[in-house]
């Protein structure tokens, strides 16, 4: 069953990848940003399963993005794959460091402290006039092992790179969810004491989750930076984090794939809301979020479970 | 010496502003365990309502004091109406869900209300400066203080005192304290928790609107003023301890004085003061200054 | 019979309050020890110190001749001491089987820093262990019921079953029959004790019901005011006049059910 | 928990299919008489909407309407662009850089606009520029101020007729020194973000060159949208400065003006508000008399008395009941410049290509409601124009704001010459300035 799901997921990924040359450029870019952001959302899903919500996930997103941009600015390094990995590593190391602090916090306090940390980074970047303060600065055009595509080719190359990173991330997170550490998410949320008395350090499990989410955030930020071609401190602002949490709720924590679908849906909805109702797009997004919470409390992913239940028990109302 | 007294007065004025903005937030959190992002909307609606009220009374050539009271009254009435619609119409549906999910419900509501402001008042900004300008100023040595700022401090003190007194000496206040302390027990003792929730949310909403109203004369009432206030109020409440009224007061004083000191002595760090203080306090005391960690029972 | 647990001069104070003092106990392997005493007599404090939930103010605890005083609970669990709880500590949103799987998977973790990540939660090994535990504690008919919907007795069994999943050599049961109706108490204890016998686990259990203590304990420790006032076979302790005066209250013919 | 991923994957498949079917209509070739499509981007929500975004949008609306009706004064009297009517699409600039770039791509690739005119935030301009170049999409920035856009790299498809922000600070310094000959000390209060930091850097740099003896006393950088400036006003009250420079805008500017007025700061020192012009119609008698007012160029009351200004100011005031402020003027001159370039590039009735329009725009010299604009910087992509500063006075008889003592500074006096970065020009003593 699970192996089957992986096969289908892989196949689908190939379809999405193969479709790129036939999609118009703006769809490719939109999907690339959505799928890059989805990595951050996937990290939030990892945390959410244990009952933690970070209102400061933009911290890692911004670190990943700035790592990429600064490598270009300081030493002119542009290899996309190395840069993405670098973004993930730098963000992961940051998460490993502040994880010692964060892993002790729960509930709203976890959210607040992570928010404060990301806002401090925002403040530092705003203060750094040599990096353009709030204006930010541009990211050098990425290359792929010396191959330097332009225009539509570049968009497609970044799209494929994002899909590849997504696939690897989804695979690893899937494996992680099936490991003891991953499966302990609900138990820790339910009853930390029991987990401790079963012989597991809750703090270190949460620390690991913070690091995983941090790495994913950094990867997402690095890919987004290359896709957008520009970085600025607003990437660390709390509203950016709020947007990621928004997509996490939209997606739900039940399925790995939901993070990617949720992110794509969000990007499409936002883009059309801005297009159709330029003065009411916040209201549109707010309503979507509200309706999701009220009628799809488990997120888009739960549509699948409902569907499955219906398929398995034909004739019974859900 | 001049600087020291300036820091103190500026800090006090800023703290008054922060306290009025944060007290409603912390009250709602204390009783209902809801981190209410919509608080920013209450603030904004209060400010817009106040601006409308100021427009009415300046056109009608009212007495300034009467006009000021009318301004506060109208803003708080708006807060109450919004509060009852939200609590009865929406929050009721999500009680019992995860704390964080409720935060997101209020976040979604906040997004919607941002555009509602545009629909009601348009996108232009409003000035409501008359109460502040007509209040005049006094000179103390070299410092010039606005009388309106003094009024602001008095209002903050009055709110603090009223909160303290009513929690301690009124029947409803003691009910609230019981609910804050232990919700299940309170319900078991026959306290109507549902009613307590509604009343609390209304008071919180009115206080949020009051914050917007008293600030309206000092600022330009324009789109997006709510966003700034939310995070600031969160920081104050997190420092003092979520749900603690005295915590909000102390948190506001700490942030107010620190910020004023930064502006006078080291303007380059002003940007970090609030979040820096917040992070430091949270590191030392994860639950804020006035809330103790509850030991886990087995 | 070698000694599995050795407690010397154990003391715990909370500020002015003395919760436990001068506790000296030595438990040989495969013994079943009952612990009695009124509320606040120090029984749970005693268990909490052995399992690392509380750190003693004074004294030493040796487990299999190793000093475990003040170690965190998860380390002590790793060394071979498990416990159950007065209020069953289970994962309410998971099914009985999933609860058991978690416990079994933790027990079967691969060694090393990344053991938690490198071990899958469902492997042939862990599911087999979980199924075996479910069978051992006779809760098979609740296998797929979500834990928060379980009857009280099954919760207790699940709680103890999870504690046993880690193959401990010493198990501490904190009031295993609290909250259970009188009719069910003996059935529950029968299941638990026979399971523990099968696994050859040394047991220390806190109990208020003297009939249960008399029926299942090889040896009984009586706690009063933070310390052990009587220690001996069930007969000896329960017949001790001090114990009868201070703890059991009503005179009870020891061994009535033996 | 991982169960059921299969089905969720199908949803993804459905979405991908939907995405593929979307662009079908966008790719159909445009009919011959298709209108000229313009994307107009400015803030329609958030704090920048009221002072900049909406005046800019309104300016675009009224100018496009007049152009389509062919009622603008010559040489702008051809209908639309070269006889083809204009169809405008308005987009909100709010959101992250990622959002702004996505929306830009959507305009260019999905909606197939012929040109994009817009952007207020310098950060957004910087983010959009490389994308515009990559997509070869003609883009005209109308308000954003950072000089970096054309200094970092030569651009092919990006234009900005309105001068960059250096002019505002240099003009402010020149006016201040002309009016206060024995200035010994000045202070500054600017928002702590790129615009505020850049404005202050240029201003203090220009002051060092023009009045080396004057000292900068208090240098304040409150948080953007802080709203409460009590401590800042106190700090300034304790200073002996004769003037305070601010690049605050809208909410912060108005809040600062109210709060300082309640404590009489303007009685002690002159306020120089470089964007003050955009707020005078709301502040009215609350803007202190004697405040030095700038409007990011000769716009609004500072605009020259030419036929274009009379026309523009009239149609705008008639429609919106308030006079246009500088963002409206900037939008108007951006659109008029684009129109001239388009018509210059057009041969016959066929639509000119983007490259042809860009070639025609390069180095263009034209006159709009705010006077003459010369596209001479950034290899002909960045305009310069004269600027003006004046002193505010509320005319109590007419109940109207007035700007008196207006001084005009020629374009070459307040803008760097071609080929040198604005920063370096100021640091190097503003050599080559022709005043």
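Before moving on, here are some points about what is shown:
A, B, C and D label the chains in the order they appear, each numbered from 1.
Just so we're on the same page, a residue touches a chain if its C-beta (ideal position, glycine included) is under 8 Å from a C-beta of that chain, and two chains touch if they have at least 3 such contacts.
Computed from a predicted structure; not experimentally measured.
Considering every other chain in turn, the ones in contact with both subunit A and subunit D prove to be B. Chain A has the Cα centre that lies closest to the mean of all protein Cα atoms in view. More C-beta pairs touch across one of B-D and A-C than the other; that pair is B-D. Among the other chains, the CA centroid farthest from that of subunit B is the one of C. Centroid to centroid, with C-alpha atoms defining each point, subunit B and subunit D lie 36 Å apart. Between the Cα centres of subunit A and subunit C there is a gap of 44 Å. Once the centre of each chain is set as its mean CA position, subunit A and subunit B turn out to be 33 Å apart. With centres set at the average Cα position, the gap from subunit B to subunit C is 50 Å.
Counting only residues that touch two or more partner chains, subunit A has 126-127, 178, 193, 279, 281-282. Within subunit B, residues 114-115, 118, 123, 268, 271, 298 each touch two or more of the remaining chains.
Among all residues of subunit C, those that touch two or more other chains are 85, 89.
Put simply, subunit D touches subunit A in their complex at residues 1-13, 15-16, 19-20, 22-23, 26-27, 44-45, 90-92, 95-99, 101-103, 105-106, 108-110, 122-123, 126-127, 129-131, 134-135, 146, 148, 152, 192-195, 197-198, 201, 224. For subunit B in complex with subunit D, the residues that touch the partner chain are 2-3, 6-7, 9-11, 13-14, 17, 114-115, 118, 123-125, 127, 129, 132-133, 135-137, 142-149, 215, 217-220, 222-225, 228, 259-260, 263-264, 267-268, 270-271.
By the touch rule above, subunit A contacts subunit B in their complex via residues 51, 53, 101, 104-105, 107-109, 111-113, 115-117, 119-120, 123-124, 126-127, 192-193, 238-239, 242, 245-246, 249, 279-283, 285-287, 289-290, 293-294, 297.
Taken in their complex, subunit D has these residues touching subunit B: 44-47, 49-51, 53-54, 192, 218-223, 225-228, 230-232, 234-235, 237-238, 250-255, 258-259, 261-265, 282-283, 286.
Residues 1-2, 4-6, 8-9, 12, 15-16, 19, 22-27, 29-31, 33, 37, 126-127, 129, 132-138, 141, 150-151, 154, 174, 177-178, 224, 227-232, 234-235, 240, 243, 254-258, 260-261, 264-265, 267-268, 270-271, 274-275, 278-279, 281-282, 300-301, 303-305, 307-308 of subunit A touch subunit D in their complex.
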